[in-house]
Structures are given as structure tokens and as C-alpha cells.
Amino acid sequence: MTVSVAVAGASGYAGGEVLRLLLGHPDVEIGALTAGSNAGERLGALQPHLLPLADRVLVDTTIETLSGHDVVFLGLPHGQSAAIAQALGDDTVVVDCGADFRLTDPGEWTAFYGGAHAGSWPYGLPELPGQRELLRGAKRIAVPGCYPTVSTLAIVPAIAAGLVEPDVTVVAASGTSGAGKAAKPHLLGSEVMGNASAYGVGGTHRHTPEIVQNLSAVHGAPVQVGFTPLLVPMARGILATVQAPLRDGVDLGGVRDAYASAYDPEPFVHLLPEGQWPQTQSVLGSNAVQVQVAVDERVRRLVAVAVVDNLAKGTAGAAVQCMNLALGLDEATGLSTIGLAP
Amino acid sequence: MTVSVAVAGASGYAGGEVLRLLLGHPDVEIGALTAGSNAGERLGALQPHLLPLADRVLVDTTIETLSGHDVVFLGLPHGQSAAIAQALGDDTVVVDCGADFRLTDPGEWTAFYGGAHAGSWPYGLPELPGQRELLRGAKRIAVPGCYPTVSTLAIVPAIAAGLVEPDVTVVAASGTSGAGKAAKPHLLGSEVMGNASAYGVGGTHRHTPEIVQNLSAVHGAPVQVGFTPLLVPMARGILATVQAPLRDGVDLGGVRDAYASAYDPEPFVHLLPEGQWPQTQSVLGSNAVQVQVAVDERVRRLVAVAVVDNLAKGTAGAAVQCMNLALGLDEATGLSTIGLAP
Amino acid sequence: MTVSVAVAGASGYAGGEVLRLLLGHPDVEIGALTAGSNAGERLGALQPHLLPLADRVLVDTTIETLSGHDVVFLGLPHGQSAAIAQALGDDTVVVDCGADFRLTDPGEWTAFYGGAHAGSWPYGLPELPGQRELLRGAKRIAVPGCYPTVSTLAIVPAIAAGLVEPDVTVVAASGTSGAGKAAKPHLLGSEVMGNASAYGVGGTHRHTPEIVQNLSAVHGAPVQVGFTPLLVPMARGILATVQAPLRDGVDLGGVRDAYASAYDPEPFVHLLPEGQWPQTQSVLGSNAVQVQVAVDERVRRLVAVAVVDNLAKGTAGAAVQCMNLALGLDEATGLSTIGLAP
Amino acid sequence: MTVSVAVAGASGYAGGEVLRLLLGHPDVEIGALTAGSNAGERLGALQPHLLPLADRVLVDTTIETLSGHDVVFLGLPHGQSAAIAQALGDDTVVVDCGADFRLTDPGEWTAFYGGAHAGSWPYGLPELPGQRELLRGAKRIAVPGCYPTVSTLAIVPAIAAGLVEPDVTVVAASGTSGAGKAAKPHLLGSEVMGNASAYGVGGTHRHTPEIVQNLSAVHGAPVQVGFTPLLVPMARGILATVQAPLRDGVDLGGVRDAYASAYDPEPFVHLLPEGQWPQTQSVLGSNAVQVQVAVDERVRRLVAVAVVDNLAKGTAGAAVQCMNLALGLDEATGLSTIGLAP
């Protein structure tokens, strides 16, 4: 089976990473590559690392250019996905790397994004309990945000097993590519190299309600989440430190058992052996998540640390993984657990 | 008045930074520069950024080479300071950049450092309530650790004003120079560039009891501290995210008032205007600490973020600031609040 | 004597670095700070590392705001300096960090910058033979480009002493701040971290004719210069590798003698001892240039390597050094040879 | 066909990269992984990015552990390859990532490496004219050094076509991984971040004679090479700027024709379209070399710029490419021209 795929937003970071992965996918034929202001340019001028596609020319993002493919990946600014998805029709698998269809609660959408809620699609985090089944054969998929992916996976086994109180604190250090390719002064190399900063402090980052949604669904009741994102001087990768108060009687052995039960069957989430701590370099370019846990007995808190490549498993890798599920392919096709290091 | 100063450990990062600052201090004459295995070498070969001292030759770290100075800075491995300080006599001001005399509780010392407790000296964080007076005229000073400096200053006004519960969570992202100049594989440039990692997770980092000690002293009762250090790809700087549950009725206005009261009189700690968040680049090479606070209403938590240059205010700058106090000089002599950016 | 100083372009990198240095200058009072689109903002929001000036408000760059100061520094886009300088009158010392008045040859100006040549001002590289005298008491000064400063100083002693053929090859690796603070996609942190690139290859970079002008003036005849700039992942610093064929009979001893003669009297240019090679970290924030030379006997070529901080001695430091000369102050006032490392 | 492969030096950077590539090679079964002081450890503790091999245990590097494989890759310190290769016998394909067998001239070996010359093996740069045929079916292969690979490929079409004088100047900026994983103070992250430096200046770097050997072989007469390596703040990648005087009458069109003729048939070397310049990020993790050329008419010099991933095509990728040729496989099996960016 060969599947024809179009990528909308092919000149951006999410679109580029989708293409990088699709070039290694045995069942895919890459069709239309679309862009906004970059339409008309050679892909080689904008994504010079994608040599096999260097001579492809970007076309405008329209219904016409995107139609006629089996799968369409959307890497577009907020608010543009709904109209396109509707026009493409139900035969097309649409995988949205943007935020438009991630949240189920219209109030949360409006509070964090403003404007009207477009709706919600099956949420593309197969490692959530019960979620994989919802993605098999799905025609519409909302790829999770990068912070929610790594933050959720860091703590969800403990929530699911009832080991911690539903009071979660996330501090996540991210590389700069999560902020996209649009030029802004504070994202200049001169500004970010040798520099660490905090932003969206106080629970204002748009990924906050998404983490709440994931953890609350698993907990079966509201989970309180405090989320603080940091920007650190690297292009890719997120390291999330996720903490929650331990319930009485829970010890490290019990925690490790819960994580092992949850993740041993998973192809992409890996609990590290005791004594080894995650580092983002290990997952660069890979679809793997590496997780480690500690119990801080002095404060009776679980401290979980997880790493992800924000562009790979954090965006484009998840998108491809979900496409595989949607198409009935092996979930890991075209994806890898091998990072590029050093 | 000209003060003669010796620096033990002049080939290391702490010693080098002490020298960088002393070169700009109007009242200081730089005397003996000592080292361990680097004794006999030109300083220019080891600290090529200190051009005015390039032709100085390092001598062995001994009582003889350090004697006869008004002030001696110690940048030595753990356990070496006590014997030297004792031999130097009470006329010499000894400023220890190491950990030996920071902790007051022998049990905590043994739990985190192992071996016998050497004792405790006046703790060199003048911004702690009441602490400045203890440092004026002192003959022995224990310079705080870099993480405790920034973590303590981030939250202490809220603790002192009773705005938060005594249950503090610190996640602090540090540059690599805090790990020193001894060559270890995991600190190689190839390993740290493009990489973020966690270490000392679960409350095992040696700076944990020092933060507890500071906050508990201010609170007048034990404060619980969970501390997670991160290593991020930059040479200098720490950004600390410090959180604690807000007490009922506390709002952002009250928090800002407490911080303003605490820090408006301070020469080196600066509460940023609302809407501006700290970044480490702003304090590189400077003795300033920049702080910002937010209230996360969803989780009713105070989120304070502070930045420091781990080598400057985090080590050597604090050492010079304390020397100034010890000698009765203006506290800010030779120090700056201006960072090197970009 | 206290000199009043205005800075036009205070929100940019050159302007910010001028201010950083002026804050440490004992004879200067900082007056108007002007900007283009950033006028009306607090300086603290744009240059958060300049804490003592944080509450200053930027005003529009006009004749009115700049008038009435003893010295005006210009950090403006190309083409704006002439009109301002003319309006300010001859009593004001005008130090231009831009390119408008660097080149003496109108043909070269037009070839590399386009448009009409504004003229030429005394060229602010005091270390060029005979140049210092032209700067003492000058009312107009053109600060050299960053690449020409380091490239010229790397090779000029060999040119002046007739040790090499007038056929010079420069390859210079620069940090990103030389490209300024205007947001462009290829200067994003995500693009420059972990990345080295070449640009302006084939002699097209605008700094090429400036290097030619400097070396030809010293040689007394045209010197051929091939210049290739590289962008490497750091915010500050340039390392220039400058090569030329050795004349017969010249050996390393002769080369070192020529460099020592040229630079031993200089306050800011330092020939390193044999065996030690320059690194940019050593000169960060400093006005020093560190130089080393080698003779490659196999190819009979001189290989000189020099480092500079592009924003300091490469721009703002030179500007302050020239102001000192213009005002009859000690040339080194407010400047340092001490770098910020690591 | 499945080929059994052993890797000696599996805990180092070259060995790790060989394994990363072999994990994606369809015809390979990974056998013994050997190490020196790291023998006995889990690979996961040393190469945490190679998740599928995490539970493999490193064994000692001995004839016994390496015997019985079809292919053995050697990533060992200088001087250790000869004895191992001799003991393994002629049935085993031995691919040496080290330098022992690269140079054909014993005098050059002794001059640059010291000690006795071990001999020479077929040189693993298939893109050299005529070289590919020597590698098909070979049982011993010497993988080129990383600098020689990129420097040679940048200029060899111009040498082969007689477009330039045999007088070549190379300045190459490298990431730090080329220096290996052994901990040395000058390679610490704190030292290399924000820092550019030169080393081996004056033609003393050991890769110099290898570049001379390559170019002279193509030229049919000695080619003079001046080589200057730079260290810049990134983990991977080399950008080489290679220059030579143009012969009379040669213009850019002729140069581009020569490069296109040489590289259009090559699977891994790519001449960029006019106006686009190479950047190392484009080839990270890939076996591609991207090349661009300019003619500097003012100095009548060819300026060629090429990029390579020093660990991939610069070492391990070349090793796998050569293994493919040695075994009669498609040369590109398991290799990619797609980089990891941003």
C-alpha cells in the first residue's frame, strides 16, 4: 500500500519535521507541499536539510492543492484548520499539528486562545489509557502540544495508579524550535544563546489546560496543574520536571512498578534504569520519550523527569505515529527510538 | 586604604572570577595566587581572559604563601579550608567560597557531605534579614552556594511576610561552570551543547540543606524544600523557579509589596516591573539578582523566578561583597549591577 | 571634567554596548537615549542588563533630542549619519558606529553599499600607524567595522615591516550579534545554534574594501584581500585567521619581533606567548585584541590569528576609545583588557 | 544476506555513530560491542541515545571478542589497529576509523604521528577519482579523517579539471565531537560554549598530510596545502573554506561545470544552486556533503565551501559506505542524505 500525503505548512518547523520523517516511511508518497508567503520557492532554499525534496516547489495552501491525497498534515497558524478539514471531506485523514482541535472544553479554549471553539478531534497521544483505540481508523486527529506530551507522560502512570495527589507542578525547559520559525527579536540567536528565561509564568501558557485535560481524564476528577515553561539555549528538546505529593505508603518500588507496567508495552516510552537520568540529547530526532522517577522522602513528593524532542515525538513524530494508527499500519512504521548524539 | 589579598585556587572558575572582580576593585592589591597541580604555571596560560595578571606565576597553596595578606579567598576542594583558616590566624579575613562552613547542623553536613562537620562561619548572604550586621567586621565568612543564593532570594520575602506555606519547590536550571573546571566526560562540550539534563533529583543535591537552613531561619520554623537542579547548555547563569502554596487572601499586590519592601533598599536584588521576566543573560558578570513573581490563581501558588550569575553573585561577587562588609568598605565597591548582553 | 553624552540607537546592540561601557566611564554623564520604533519604551524593557538605566525612557532620534551634548554616539542604519552630524554642528564630537564615513574611495562605497558616498571621517583605529594622532581632538570619527578591526590588526605589523606579499586571505568566524537585533529568520536561535555557515563569499561582504583600505594605506600600495566571513553559534566574538605569503628569508623570530614592536606599546593589543592560541572567550566584554602568529614552513605562509569582541573593541569599545582621544582623556579610560570567562 | 558486525570502541563517539547507522542498516546484525576501560558496562549507560541496544554489555577489546564476525569496525586509539587486523585474518572485512593506515608515505607518518608507519590500506573516500573501484571487495579499509574528507571534496573537482594552481588554503571550523570523548579541560562545555579558537596552526595538524596526499594524487604532482582548524561551539559538523588561485581564463561557469560533472553522479555530494551557501545544520546525522563555490574576481581565487557531519560522512557514515562497497551492497544502504534540522 502506498499512501499519498500532502503537507500544509511545509516551510515551517513542524512541516519540515513531518517531511523528514515521511522521507523514511516506506508506505508514503509525498504529494503537495504547501505554504503561505513562501509559496513559489524551492523547498531546498527553505529546508536545505531535506535534500531529496530540494527541487520541489511550494504551492499555495488551498483546498485545491491539498485535495486528492489520502492524508493531509496541517502545520498552520491557529484558526485555519477547521475550514480546510471540512472542505477535504471525510475520506481524507487529516492530522492537525496545531491546537485548534485539542481541547474539549469550549470555555478553556476561549480562556486561553480567545475566540470560538472549533470543536475537538481524537487526541493523538496513544499512550494515554484507552486512547490508542480511539485513533485506529480515525479520520481526524489533533496532535498534542509538545509540553503536554512530555508532561503528561511523565506523571500519568502515577495518577492512573492513584499514587499521588491530584496536584501537579510542571517546570519544563524547552529548546527554541517550539516557538516556530517566525522571526521575533527575543528568539534571535544572540538573545537565546547563553541565556535561560521563563515565560508564560503563573499558569498562562496555552498548554496548561491541555495538561489538565489529559490528567483529569485519567484521574476521573479534576487534577490541579501548575505549569511553568522555560526557554533554554538549544534548538530542540524539552526536559520536563513533574512533581506531585505522594500518597501515604507509596515508595519508590511502587512507583517504578506503576511506570514499568504502563510503559513496558509501549514502543516509544522508556523508563530508565535506576540511577540514570534523562537528557534531551538522547531523543533528538527520535520518537522516544525517556522517563525517570525519584521519591523525595523529605518532602514526600514524586519527582518525575521526562525528555522528548519537541519537533519529533512532541509534534511530527506523534503525527506520523497517529497516521499509522489511522491507516491501520504498524504504529512504529517510519519512526525510530534512536537519537542523534552527541 | 589598600588591602592585600591572596587567592587560593586561582586557576579554577571561582578563583578566576574573584580575580576578575578584584582587578576592578579600587582598594585591593592582588598578592599571592595559589594552586594545586597548576602551581608553577603562568596565570595567562590558565586564565587568558585576565590579561593584567597574565605574567603572574601560580604558587603552591600553603600557609606560607597565603600568610601576610589582609584577606584570603579560598576556592578549594571540600575539606581543605579549616586547616588553612586556623593557621592564618584571626587577623586575616578569610572568605571561603567552598561549602565547609556553610551549614550549622552537623547532622545535615554528615548526611549530605559525609565526614565530620568543620563548624560554621557567618553566612555570606547579606540580603537575608539581619544577616548584613553579622558580616560587618567578620573575620571568617562562608560564601553561599550558587543555587541557595538564587533560590533563597527568590522566595524569602514571601516566607518572611508569611504569605506562603512553608512548603517550597525549587527547580533551577544552571550553566555548566557551576560544576567546576575538573574535566569529566559528562561535562564535555559535546555532551552539554544541545542538551538539557536533570541531576541530583529527589532532594539529594548538597545545596538542599542550605536552602532549608536559610528559609527555616527566616520562617522561625522548619521549611520543607524540594530541590531539583537542571543542567542547560550555557556556561554561566542560573534561573530558579521557586514555588509555594499561597496562604488565603494573598494576592499579587500583596506579594509585590512584600518583595518591593525587601528589595528596594538592596543594592543588588532587583524586582522587575510587572510583565517583564528574568533572563540569565541580563546578569552575566554582574552582582545583580533579578526577580519576578506571579500568582497562579488556578493552583493558588506563588511562582517566583530569579536569575543570578552563578560565578559572580553566586560565588565570587558575593565573596567580594562580603569582603567589603568585613573590611568596613562600601558594600558595592568593585561590583556592578550591569550584565554583559547579548 | 564631566562630558555629556547622547546615544542614538540605544535599543540596538551597538548602542547598548556603548551604554554598558559609558556606565563605567568616570568622566561621562549619560544624556539622551534615542531610538526609532522603540522610542517611548523603558530602556529596561529592551536592555534589561543595563539596570542603572532601566527607568530611562527612549526618545525619538532627532536633532533636537541629540543637541546640547558634548558627544553623540550614532548607532543607526546606513545613510542616516550625515544629516544628523551636519545639524549637530562642529562643537559636538560625533562618533559614528555605522559605515557611512569609513571608506575614502567613493567608487568602493558605491560598489559595496550603493548610492552616493557621504564622505570620510578620521578612521577610529588608533593602532594603525600614525592614526592615533589624527584622532586626538577630532570632532568626527568613523568607528571601524568589526571584521576590519580584527583582520587589520592581525596582519598589519607584517605588512608594515614588509614581511609578507601584499596578498592577504582572511577567514573570520563571527558570533551573531554582529548582524544586529533586527529579527530575520536565518538569525533565529533555532537556526544558528549547532550550526556554522558561510556568507558574503567571494569578496562580496561590505567590510572587504575597508580591510583593503587599511592594509593598502600601511603598505603604500594596493594590497589584495580575499575575505570570507563565517557565522558560528555564539552571540559575541570574532576569530580571524589571516594569511599571507612570507617573503624570502623571513622566519618566525622576525615575525614575532615585528609584532612585538608594533603591539608592546599598545594598551589593547596583546601578542600571546609562543604556544598559546587566541580564543574569543578571553576578550568577551573587553577592549583587548589577542593575537598569535605562526609560520607554516611547508607553504611559506604567515598565519596570524586574532580575536576581538565584535561589540566591544569591534564597535562600542573602539567608539569609547576614540571619544577619549577626541576629548584628550587617557585613551583607556573606562575600558578594560579583562574578559568575561568562562 | 545478513552480515555480522562487531564494533571495537563502542563507547566512543565514532563507535556510537557506527552503531546508530548500523541500527538502520537492513543487512546487518550487530554482534560484539567492545571497549577499553568501559568494558562491563551497559551500553545504555554510555550511549543512552541508542535505545535498542541499551541492554547490551560492552566486552573487552580482544581478538577473541572480535573474531567470528564478517565485518569489524575499529574505533580505537592510534597504533592499536595493526595487531588486531592481522589477527582477524583476511576473511574479515576490517574498517578502521582511526588514522593508522591512511597515509602512504612513511616519512609523513613519522613526521606527524611519530613512531613507525604501520602501512596503508585502501583509502575510504569513494568520491575520489578512481577510488571507488579500489574499495569494492576490499578487505581492509582506512576511513579518512573528518577534515580531509570535507576539505578534499571541496576542492578536488577544481584540481582535477586543472582550474586552479596547486596551492590550497583550508580553514575549517569544527564542532567539538571530533576531539573525542576523553575528558580534557579545554573541551569542557564551559570552555567551548560562547567560544571560538584556533589550534594546530601553521600546518601542524595531523590531517594536513592526508589532504596533501589526496589532492596530490589527483593532481599528479605535489599540491601545497596550508591547513588551519578552528573549534567552534557546536557538537557536530565541519564547515571548510577552501581556496586556491584560479588559472587564467577560468570563470564561475567553468568551475560550476567541473563540480557538476564530478558530483551529479555522486549519491552523497551535492553542489548547491547558485546563491545558496552550505550550513552544517543541513547535514547533521546525514551522509551528505553540501558544496558551494564562488569566484573572487578581485583576488582571482576560487573559494569553495563545504559542510559535513564529522561523525557521519566524516567518520562513521564513510565507514558504512565503505563496508557496503566492500560487501558488494548498494553503496547507499543504511545511509541518508537527510539532515536533522533545526
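We just call them A, B, C and D in the order they show up, numbering each chain from 1.
The rule we apply is simple: a residue touches a chain if its C-beta (ideal position, glycine included) is under 8 Å from a C-beta of that chain, and two chains touch if they have at least 3 such contacts.
Quick caveat, the model's predicted, so the values are computed rather than measured.
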{"item": "Of A-D and B-D, pair with higher C-beta contact tally", "value": "A-D"}
{"item": "Distance-maximising chain from chain D - centres being C-alpha averages", "value": "B"}
{"item": "Between chain D and chain B, distance of the C-alpha-averaged centres to the nearest whole Å", "value": "45"}
{"item": "Distance from chain D to chain A - Cα centre to Cα centre, in angstrom", "value": "35"}
{"item": "Set of chain C residues in contact with two or more other chains", "value": "13, 175, 177, 181, 188, 190-191, 193-194, 233-236, 279, 281, 284, 341-342"}
{"item": "Overall pattern in which the protein chains touch one another (line/ring/star/complete/other)", "value": "complete"}
{"item": "Footprint of chain A on chain C - complex, ascending", "value": "13, 175-177, 179, 181-185, 187-194, 233-235"}
{"item": "Complex interface listing, chain B residues touching chain A", "value": "167, 169, 171, 173, 175, 188, 190-191, 193-199, 201-203, 208, 224-226, 228, 230, 232-239, 241, 243, 277-281, 284, 292, 294-299, 301, 303, 305, 307, 341-342"}
{"item": "Chain C-facing residues of chain B, complex", "value": "13, 16, 20, 23-24, 42, 44-45, 47-52, 54, 177, 181, 193-194, 235-236, 270, 272-273, 276, 279, 281-286, 288, 290, 336-342"}
